[in-house]
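This structure is in structure tokens; I'll ask about it shortly.
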Amino acid sequence: MTSKAEIAAFLAAEFPQTRCTVEAVGHRSASVRHPIGEDELRPGGTVSGPVMMAVADVALYVALLGAIGIVPLAVTTNLNINFLRKPSADRDIIARCTLLKVGRSLAVGEVSLYSEGWEDPVAHAVGTYSIPPDAGR
Amino acid sequence: MTSKAEIAAFLAAEFPQTRCTVEAVGHRSASVRHPIGEDELRPGGTVSGPVMMAVADVALYVALLGAIGIVPLAVTTNLNINFLRKPSADRDIIARCTLLKVGRSLAVGEVSLYSEGWEDPVAHAVGTYSIPPDAGR
Amino acid sequence: MTSKAEIAAFLAAEFPQTRCTVEAVGHRSASVRHPIGEDELRPGGTVSGPVMMAVADVALYVALLGAIGIVPLAVTTNLNINFLRKPSADRDIIARCTLLKVGRSLAVGEVSLYSEGWEDPVAHAVGTYSIPPDAGR
Amino acid sequence: MTSKAEIAAFLAAEFPQTRCTVEAVGHRSASVRHPIGEDELRPGGTVSGPVMMAVADVALYVALLGAIGIVPLAVTTNLNINFLRKPSADRDIIARCTLLKVGRSLAVGEVSLYSEGWEDPVAHAVGTYSIPPDAGR
């Protein structure tokens, strides 16, 4: 399995814009963290939806890299997200991904997103990544 | 109908992070534009998926404001996006939204995203916004 | 909490077409079973996609009834399903639903579908039910 | 392009359970019809959600066959459906599909579903079909 440090380095190169950090990488699972501050909030103290979509996408990507190794050019083909509760304005977002399928060309995973320390998720996503054919596995 | 200028001003207040600009607002439709530069690209010259998700979300929001007026606190409850083709690295993303339903409490719309000037979409999204009960319409 | 027998009776009245049976109803969860025979198969021995969509929809409905009681006229507003593996042609489909949110007007749940006895799911769905305002809870 | 009659014959063999008929097949588009009677209704005169999911799936399949020819074993990998309005209890359901992408291994399309003669759709779906690698195109 690919190490957390390798994945964190690769993530920084592939998604240079993201402020997500890798919390853990397990067997077909991963968790990532995103800080919440002024840049992530909408008026009323709601975390912006696109921030949560981005965190869900990164969590899927990190879990995939953990499962199949460092594979450049894997791209999302589908992402479906449901927003469930108003997140906290002053807690980090934690996203936990579990892969449901890791096939030759497609991987599918689900992600639960939490305001750190909360029991109930603030959002839930399911996404598909396309794995390039020359991934050499 | 709410004017394009009113919506642009409200969008800047509600989504202060977005770099989207409003191109047009019509009857249950809208189009928005997002510039593409280093901040939006992944290695290989792909526009980052989260950027396109954010643009789709804003296009839905702008179309909704055009249809029901300036309503604070409308929030996305669901967004589903399919990534169809590799976008251009040096063309703006243009998103065109058509609302499929504008109900009392929920509005649903679809969004086609293009690299400017292309005939075929680079992504397609469908999303639901929840309209607050006290929207006073 | 509503009993399994009450829900089974109501399901038979509301979805008279379904061949699903209720296996279990728990706290914000449910499982249902659907027999697989000639009527559910496509050539090649694949369970027809629409059969699995129907089973996912019923599993969500049963879990919702378990959580909020017998409420007529609750309707699905969104369902997203991913087909993960070819199901067995001679095993029942078992669907296990967990509710992610039970709000005043919307409930969201996820469903994993299995060929009976398999460890990995053959499909995974996420759906939203709209709860009528006069549900009297 | 494959003829409507060829596709209708193949559909009858691949989806023997469906009561859908092929209305038209065009360039990356198709429309299908499903009769509505007691078997498709829930109490209150609502068309059952699973019936509409099945019609959407068939519309996608017919459009795909029209675009790439008679290809056995193409299977749905993802379907997302939004239910927008209560359908009529005594009008056929008409589904119109437009393909958004026809790639080597994946095709994506959107489907609008109508109670026959209505202007506004009763449901809207987006789905992905996986095309088998030996499709010989």
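Things worth noting here:
Note that the chains are named A, B, C and D in the order they appear, and that numbering of residues resets to 1 at the start of each chain.
In the analysis below, a contact is a pair of C-beta atoms (placed from the backbone, for glycine too) under 8 Å apart; a residue touches a chain by one contact, two chains touch by 3 or more.
Remember, it's a predicted structure, so these values are computed and weren't measured experimentally.
Look at the CA centroids: the one farthest from the centroid of chain D belongs to A.
When the interfaces B-C and C-D are ranked by how many C-beta pairs touch across them, C-D comes first. One finds 27 Å separating the Cα centroids of chain B and chain D. Chain B and chain C, compared by their mean Cα positions, are separated by 32 Å.
Averaged C-alpha coordinates give centres for chain C and chain D that are 22 Å from one another. Counting partners per residue, chain A has 77-78, 80, 82, 128 as the residues that reach two or more other chains. Contact residues of chain D toward chain B in the complex are 80, 82, 84-85, 100-101, 108, 110, 112, 120-121, 124, 126, 128.
Within the complex formed with chain A, the residues of chain D that make contact are 77-78, 80, 105-106, 128, 130.
Against chain B, the residues of chain A that register as touching in their complex are 13-15, 17-18, 39-40, 42-44, 46, 48-50, 53-54, 57, 72-73, 75-83.
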